[in-house]
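Across the two complexes that follow, chain A remains constant while its partner is chain B and subsequently chain C.
Then we have the complex of A and B:
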């Protein structure tokens, strides 16, 4: 092909002009869209302050389950945190693959520094890092994982609990990227692998026949035990703390609930509150 | 007609091959599914004809109600409560996947993935 330099420039010029025209049409369209959505907002938000452009915000639920985790009580009761983890992981058939790469966790331990990296570490009391900080899903009042999930496998129920319908999860892991707390784990392997004799390989605490497992390619996390709440039992981890009151669970939006009173009479902190997710798990340090 | 013999034999072979699946099935009549009847109760949560054709719809609805809408109340059939659950409901009366579920599923050549996550009540609880 022998395109003359002059012809080439002509064609290039014409295409560029066409391109410019197209982009201005696009801008026009976009403008119209933005206007329309602004009008929409005006209509909806007559009651409260108009949200900033582009801000995603989940409506607060009237009922919001939450948890207060009292770290000094865990420090005073050696082994209690591990007991909670074992209780949850047995209850929900959470597999233990024995290596950090494949790890599945609904509730786990970390140190102060890594649990609250946004808190100032400058001249921090060195002993703080010896405290057992129990971490789990924060059941955020404004959960980014829910917005990220394309299948609505992750959603917020009427009790403010961020729950998963494992049947619907396609394993895209968007929610894991969206969660600022690392509260979600992905099943890289089949959790139900068996030995030749039929025993399961990865259920370290035994198998709870009353709860299913997950399959490979599914994300999982703490569900705040809705199956137990439905029959009037507290979450498994809370039950494991016995009378120590190291964990208090309840509706944080009900001013008369035990948890609201605990929140009202203690100084508590949350993990990464600046992310704007409104975590429903609070810590007494 | 030329080559009458050849044409007719060819035709006969053709017809035989095309209809092979039909008469193969007639000769090797597949065993018709025979489900293990529950001993614990007489009445199912819905009538038999509905369960036969649409139990998967029922299970799907249960799942949505329980997981998404928190409607977890047991359903009552003649005074007996049943959990809206495959593992905790259905399989209390039909405890054996092989003798109940698989019987039809194999016959109909469907392969649902319920048991990738759910359990049968006995056995698998090692």
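Then we have the complex of A and C:
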């Protein structure tokens, strides 16, 4: 073997090795959500593979919690949406600072136009914009916030729920810029501030001792109540709808679940599906 | 060599203490922000990044701009940059230090910053930005310091520095590319979601960084008897002109795509920045001002007479720098949040606290630059 040939083989071998390394780095770089759930969040290791790339869908996992929000039912039950919001915000000790600049919300109301700005508003039928649309985190199958987070403080658990680790979050707010749904809020100031008499200033619904309060400087959002799901209860907002069926919650990837049947038999829409995030919250309009 | 920064004229010390004063006041503002939270700033749920991140982005550009000296000098052996290249490298050091300070000022939980290293996350662009910025700081510190030290001892710099110099060139491009990736990879922000964001960043950086260096060199000529040389100035002028032309060409492309396609998502932010959207127009005046003076400055630089006259050359560089600072250090980041995902407009105004902290970071950058330049110029003066 002459020297030139040997050098060529050496280089070829090295490039192949580098290529292999690069391809694995590439997968690491883009697989996003699966990776985030693998590390450091005890007990929530993801068994499933990385979502398929190069197409607009994440791989269908076995388990993906999702929600169908039936807007006409909310319209028919005046005050029901507000009840859901109150239940959620009490359950999770969501502070109320009383001004839009510091605002924190996990679930809230908006009109059709501003909930679905990407849907056609051209010659919209009368009354559509008066419907109460409940908005919350979409727990995307392909969440850009999880991809953006530099510390894996936000991650997808093995039930497809996008969760926040309030203790790891450094407050860079990259996830807020990444979320195409405005679902994330930041603690611009200390939510635990107290009056002289010891009452908390910002927990308007009173303090729920069963859920931790947050500190300033971290991001928070809807988490589909994993602490309730763990003991067999539905999320607080879903429970607040009682038996109106205005919200249906469950595993959208289990064809036998109630929610899968609702999705199968109704025309539903999602917020900004063009972003390719695969939102898990569906709306019946 | 550090001792050279400890001897200076009264004017030098007055300047140093002035900067220390600004840093102290800004430091007190930061203490307040640290205790109260980022609610002390003008940021909100809708505009969740403000001037800290905008200034950070701009300073990454200034840092990358240093390569416009390193590249001609070390790759093309352009001798006229011999005296000034070290200033470019030291400017990069000060600029990256400012980037790190701006990022830290923007964190809700700065004490947890090491979580980025503790839980390395390759799918987050912020992780890569941290790597490339710190790498660039390291490379410039190595190259700048070792080369200057060799000068000081009157010997040629050691061969082992060369790979670091060469590496620093693509690395400069990488810092601003990765910084653009922070923005242009986010699916919901139409204004940032453009493949030309990184080229735009680089073009604006290669105009703004050298412009600042020209201005600083002219000041140094007066206060420190440091003359970079006419040939170096003229070459920098050419580099600035081409970079500025590329920058405004890219901006024009954005305008064409938005207003010819008439896709609302592409138009909305430009509407907000240059015409006002839904009655909100707080950035219209600065953005129009930025575009106007930027185009005038670029046109001025096309005329050799203007470039050769020190006064008019300095004026065009100052106008261009201000234009690009408004464009990237204000409009680019804030614009990305308007309209928000609900198609609503929330305006942002920085608070006094926020401006005070930002000024302190600028002062800290200026102090680092002053000390490094003092050393560099003392060494070169000894040589001459």
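By our rule, the second predicted complex is superposed on the first by the 225 of 285 C-alpha atoms of A that agree within 3 Å, B and C clash if a C-alpha of one lies under 4 Å from a C-alpha of the other, contacts with A are read in each partner's own complex, and residues count from 1 in each chain.
Please note the rule applied: contacts are C-beta pairs under 8 Å (C-beta built on N, C-alpha and C of every residue); 3 or more make two chains touch, one makes a residue touch a chain.
What you see is a predicted model, and the numbers here were worked out from it, not measured in a lab.
*Asks:* Once the structures are superposed on A, label A:157 by its partner contacts, choosing first (chain B), second (chain C), both or neither.
*Replies:* Touch status of A:157: first partner only.
*Asks:* Scan A:186 for contacts with chain B and chain C and give back first, second, both or neither.
*Replies:* Once the two structures are laid over each other on A, A:186 reaches chain C alone.
*Asks:* Go through the superposed model and pick first if A:214 touches only chain B, second if only chain C, both, or neither.
*Replies:* A:214: touches chain B, not chain C.
*Asks:* Does the superposition put A:100 against chain B (first), chain C (second), both, or neither?
*Replies:* Second partner only.
*Asks:* Check whether A:226 is in contact with chain B, with chain C, with both or with neither, and answer first, second, both or neither.
*Replies:* first
*Asks:* In the overlay, answer first, second, both or neither for which of chain B and chain C A:268 touches.
*Replies:* Neither partner.
*Asks:* Is chain A touched at more residues by chain B or by chain C?
*Replies:* The partner that reaches more residues of chain A in the superposed model: C.
*Asks:* After lining up the shared chain so the two structures overlap, which partner does A:129 touch, if you call chain B first and chain C second: first, second, both or neither?
*Replies:* neither
*Asks:* Return first, second, both or neither, reflecting whether A:257 touches chain B, chain C, both chains, or no partner chain.
*Replies:* Neither partner.
*Asks:* Is there a shared patch on chain A that both chain B and chain C touch, and which residues make it up?
*Replies:* 215
*Asks:* Which residues of chain C touch chain A once you look at their complex with the stated criterion?
*Replies:* The touching residues are 36-39, 43-46, 48-49, 103, 106-110, 112-113, 115-116, 118-119, 121-127, 130, 182-183, 186-189, 336-337, 340-344, 346.
*Asks:* Under the definition above, what is the set of chain A residues touching chain C in their complex?
*Replies:* 25, 28-32, 35-36, 39-40, 100-104, 110, 113-115, 117, 144, 147-153, 168-174, 176-182, 185-190, 215-219, 272, 275-277
*Asks:* Flag every residue of chain A that touches chain B in the complex, lowest number first.
*Replies:* Of all residues in chain A, those touching chain B are 155, 157-159, 163, 165-167, 192, 198-200, 207, 209-210, 212-215, 226-227, 230.
*Asks:* Which residues of chain B touch chain A in the complex?
*Replies:* Going by the criterion above, the answer is residues 63, 67-70, 72, 87-88, 113, 116-119, 121, 124-126.
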